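Each structure below appears as structure tokens.
Presented sequentially are two complexes of subunit A, the first with subunit B as partner and the second with subunit C.
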Partner chain A sequence: MKPRLAVFLSVMMLLAVMFSSVGVSPSLAQEGEFDWRRYEGTTLRVLWPNTAWTDFILEELPAFEELTGIDVNMETFVEDQLRQKLTVELIAGSDDIDIFGSMTIQEGFKYHQAGWYTTLDDLINDPTLTNPDFDFEDFSDGAISLATVNGDLIGIPTYSDAQIMIYRPSILEAAGLEVPTTFEETEAVAAALNDPDNDFYGWINRGKGAAATSVFSSVLYGMGGAWTVDGQPAINTPEAIAAFDWWGRMLREYGPPGAVNNSWPENVQLFTSGKGALWTESGQAAATILDPEQSGVADDVSFAVVPGGKPYAYGWVMSIPPNAPNREAAWYFIQWATSKENSLKAKLLGIPAPRTSSWEDPAFTENDPHPDLTAAMRESLQLAMPYMNPHIVNVQPWRDVVGQVIVDAIEGKDIVASANAAQAQLEELLKQEQ
Partner chain B sequence: MRSQNPRRERAVWKRSLFYLALTLLTLFFLFPIIWMAMASFKTQVDNLATPPVVLFEPTLENYRETFIRNPFPRYTWNSFVVAAASTAIGVVVGAPAAFSIARYRQRGLAVVILAARIMPAISYLLPWYILFLRLKMVGTYESLIATHLTVGLPIITWMLIGAFEELPAELEDSTLVDGGSILTVFLRVALPLSAPTIAAASIIAFIFSWNNFLFSIILAGAATRPLPVAVFNFVSYLNINVGGLAAAATVITGIPMLLALLAQRYIVSGLTMGAVKG
Partner chain C sequence: MAQSVFGRQLNSFISARRLKTSSLRRGRLIASWLFPLPAILVVAVMLAYPVGYTVWLSLHDLSPFNLENPEWIGTENYAALLKDTRFHAALERTAYFTLGALALQVALGLGMALLFNHNFVGRGVVRTLFLLPMVATPVAMSLIWMLILNPVDGVANWILETLGLPPQLWLNSADSVLPTLILMDTWQWSPLVMLMILAGMTALPHEPFEAAAIDGASWWQSFRFLMLPMLRPTIMVALMFRSIDCLKTFDIIYGTTQGGPGFASETLNLYIYKTGFDYFRLGYAAAALVVFFTLVLSVSLLLIILRRRTEAAA
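Showing the complex of A and B:
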């Protein structure tokens, strides 16, 4: 560095330090009132996925910048791109990220092991840094479990979604059928409504290998199985075999042709063009299905808890990495973005809120256009378990292995042999992790 | 009477079969592009309909969404700056390198340059990122241009090696005999005679840079984000804006296609130059 430049920079830094300490004193002067302008002039860099909540918060962003004087650069990416970018930046030890998003149930254990999270307790418990209206207790237990990894609170959930069953009420009614709640009832309803000659199918779901494991988890746990037992894979237990068998049979007998190629984009298309009776997917699908601009069945759809009553929950969590240049200002943004007010505003747009108060606010309950969806979502969020994926580091290889058993089951191959082979591979995978 | 000449008739048949095959082949290759362009004028319901809708009421909504409500003009400009600059630098650096390699038979050097292209690009990414992080250059045009050089420079160099080797040695010798330096040979003889190849190589390097996704996603910042990265923002979980995606993709494809059409003559003659001994 040139000496003159070095002198210039040190003078600037000195000035910055002086001014920042001047900036703190007024906050102490106004005692009792939370000082939103304490970090005025800071610029935050946020790396965040593209979700419906993202669209909402980007609209609201100017309000935060006005309130706090903090500028926010929110760079948004499709999930997989975000993961790529975060991995490179965090491995390289970037000191340029203030806030990042992660889906803990997918990558939380990996990031936690790599040391990319910080716990937020110190910020939440500091009354000079946390607005008293923030009310951490308002977040539902399920939502907080999505922001907790190995017992550490590593972020704040922005929304918490759960898997639900989506069905066509008019078609069930015409056949005189009740909404199924057990696996046996679901199979009976799917069988009764299945009409492949008219390109209509009783059951729509994911069959595309690794993409199917998350929605399959509700059947695995609903039949009494689990991904792991005592830290070991439990993919070839009788309960797991029964779950694979049910999933395979449902899609083979009452599903659309070529179900092994279907993930959520194909299923959205099938269902919105009126080709399916029953389907289980994340609650967020409702926004698309209920939008007449995007859906041909918007006026004939309803929602229920998934058969077996063990839906998964997931959500994107805002975290602060250890090298964040503006940790306190970042916390200001997080507490504002997940505040009661914003949670409720998002809820009114159909985004599942992590806060209990948003679900109970009269502004929402009195104007709820889809009380059936609300009821199904609330019950599902109560029942939901954070086991969409196993709690391990190498989630994706695990999903690839289990996905193969799902494909074999749909194709009617020997499930026991396939599950035993998968079990051996997964035992090896977990051994490498430890 | 003449048309009854069996030979002539056979020739007509042959020709019409040839054009029929050509039409089918063209349709086959153009189909995805036509489909994409159609999707960009459809509403989301039409785009998601099964079976697909062929006749529909066209809407400009997707283009409004893409270019007025999203900063796509900005992204297009970013892509253009990076592609144009990396191509220009590629030619300025690559042409003398190619000339030297062709004239002095520096085969080893040529292979080293090609190695940049053979190695999987992802293996550079982490070292690059760390490097640019230390230099405080992440998210700048400069870092994107520099990295895109590894995509374009080898192509430019290798195409030009072939072109320079094809030039008759007599031209070079007579320039030298007339008192010109080797630089004169390069600037006054080799470069002008290889103009078609330079044009072709530039177009190809431009398109490679234009389409580059991997380097851009890691190294671009909010202000320098190029088109291929931006276009994916039309995709989110459980909701794909097919029309918006198609509108953006149509424009992304359209610009290099237009460039390629304008320079088509050069591309064809440039690509085959060196392949056929004249």
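Showing the complex of A and C:
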């Protein structure tokens, strides 16, 4: 904008404010009402993954456009496609993305290093840009940790999910078994319920290489292991070997045949068609399993904390890239999308909310159709740890290499040899990173 | 070659018009450059430039973080490839897949061609049915095969069990995934080999076979000592087509296992795809691609030389 034009507009705006406060009702100045229409006429471009939350927010979108006069073009993609598209566009220095989604636990360090995030503190702390009802403090610590990379707040979490255990209560009850909490108990229950001759399996879980590393992390950490120790890979420690061994044995002995190719789509198919007793997945899975249209076990399913008590946490975060054309208007959209009101509405649909208020609101607590799910989710979110992936830049090759050990473990091959080979490859990977 | 053909055509065209010799020569000169120009441009843009750029990339360290100024690292990427165990394993798998698929497809293609070389009732219908796999979309076909081969509730294991055979893990085991993929590729592409060999068979002269029959040669003898040697050039062409395709197979592997379980079906193409588009190590992927390109090129050259030899011998 030309300086002279800017001065002219400022003066006009000042005059307008003065006249309005002198004139009829002094609504703006006195009540301090937030000016939602400040960026009227702007169009935002948002690149975002397909999730249950996405469906929800797309439904609500017209309300935002009416409130602010800002148009929102939300382009949604399957996760991996989004990652590829974003990487290509951000590498090319694209200057027409206003908001993008990322899962910090997957790509946060890479994007941070590449300089594709901006910190949002300046926007949150600016009372002219942030609605006083926004209440940043309302976000749980766990949720904020999902939006923080190397100490920088790089976005706002849209939902915060944790891994939970899903089980079939009637089947456990019929066998006189308690819901397992330790790894030994889980194995005993899986062994007791496993009935492969009738296509029923004690344990359903991911075995498909890289896709299995996230769910496997709860066993690794639950057994006292870690992805890295002192910045070095720790894949062949005794704890890690024990974790691979347990994961492999569970799927080999009490899982469906060929579990090495099973990931979310295969497992949801198996479990909802009543072929599994125990399963650990992201809490979002509940929405599918509890939907009678998609699930044959919707009326016979319950939820608990994962064995070992170290579930992972994750969530999609909304960020603004450095050369976003409409940074302030983008912030308007983010604070609206993650507002208390929208967080509660999403919660009522079964999407785990990042805000404490949504979990405690009577609108939710008094109408909660699945208190068992809520209890399991709340406890899991408390326990959850941000180690679904190691805190490194090149997460994808890391997952592929660890995935090979998981496959070897399931197929009953030499785990120690496999873990040692993976350790060497990962050391090389981290050396390249430095 | 294209040059001289076009030149000659123009030549006859112009001489038919009885123009002066000098303008005729000039016209021929211009034409010999002008007419092939579109083809040369297409080749330059579509082939030479990408290959040249890939080679240039392979000598740099290029990632999302230094896109503006890729670092010249000489042959470091190639040196790293020599030590890359995942690359070596992918190379071995590519060879295994190619050899396995070629052997099966040529054997089956030849067998089917022999079958359809005979006249029998309904030959046209059966031959059309046999050609159907060839027109299937590889990705759609992959999805169907995954349903068939599903170890829990797939049709394949149900058939095996009905026949009293033990169920298999097919794509869901590191040990059986490559053989299964070879079978899938064979199912789809044997008909092509059959078609090519059948075309070769119909073109063979009848006399030698009649002579052999008069001399009392058995079916096997006339096949082994007459038909097979005469078909060798055709088989070599089929081998060349299929070997290039097998070496760079991507769709059915990506469509079913994405290189899994673990790395068990990660062939060179899959590994390069991951390195480039998942890990964004663009320079390194380019180096692997150059090695791969050289490999495909040498295999096809080898087959061309072998074919020339067999032709010369025949």
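The working rule: the second predicted complex is superposed on the first by the 403 of 434 C-alpha atoms of A that agree within 3 Å, B and C clash if a C-alpha of one lies under 4 Å from a C-alpha of the other, contacts with A are read in each partner's own complex, and residues count from 1 in each chain.
The definition used in the following text is that contacts are C-beta pairs under 8 Å (C-beta built on N, C-alpha and C of every residue); 3 or more make two chains touch, one makes a residue touch a chain.
Just so you know, these numbers come straight off a predicted model, no measurement behind them.
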item: Subunit C versus subunit B on the shared subunit A, clash or fit after superposition; value: clash
item: Which of subunit B and subunit C A:348 touches, first, second, both or neither; value: neither
item: Which of subunit B and subunit C A:79 touches, first, second, both or neither; value: first
item: Partner chain in contact with A:293 - subunit B first, subunit C second, else both or neither; value: first
item: Touching partner for A:281 - first (subunit B), second (subunit C), both, neither; value: first
item: Partner chain(s) touched by A:264 [first = subunit B, second = subunit C, both, neither]; value: first
item: Which of subunit B and subunit C A:396 touches, first, second, both or neither; value: second
item: Touch count on subunit A, higher of subunit B and subunit C; value: B
item: Contacts of A:91 with subunit B and subunit C, given as first, second, both or neither; value: both
item: First (subunit B), second (subunit C), both or neither touched by A:50; value: first
item: Subunit C region in steric overlap with subunit B, selected from 99-107, 117-125 or 207-215; value: 117-125
item: Overlap of the subunit B and subunit C footprints on subunit A, listed as residue numbers; value: 84, 91, 270, 275
item: Complex contacts: residues of subunit C adjacent to subunit A; value: 64-65, 67, 85-86, 150-153, 167, 169-175, 257, 260-264, 274, 277-280
item: Touching residues on subunit A, where the partner in the complex is subunit C; value: 84, 87, 90-91, 110, 113-114, 199, 207-209, 256-261, 270, 275, 394, 396-397, 400, 403-404, 406-408, 411, 421, 425
item: Contact footprint of subunit B on subunit A as seen in their complex; value: 49-52, 54, 73, 75-79, 81, 84-85, 88-89, 91-94, 96, 264-265, 268-270, 272-273, 275, 281-282, 284-285, 287-288, 292-296
item: In the complex, subunit B residues that touch subunit A; value: 43-45, 48-50, 125-126, 129-130, 133, 138, 217-218, 221-222, 225, 229, 232-233, 235-240
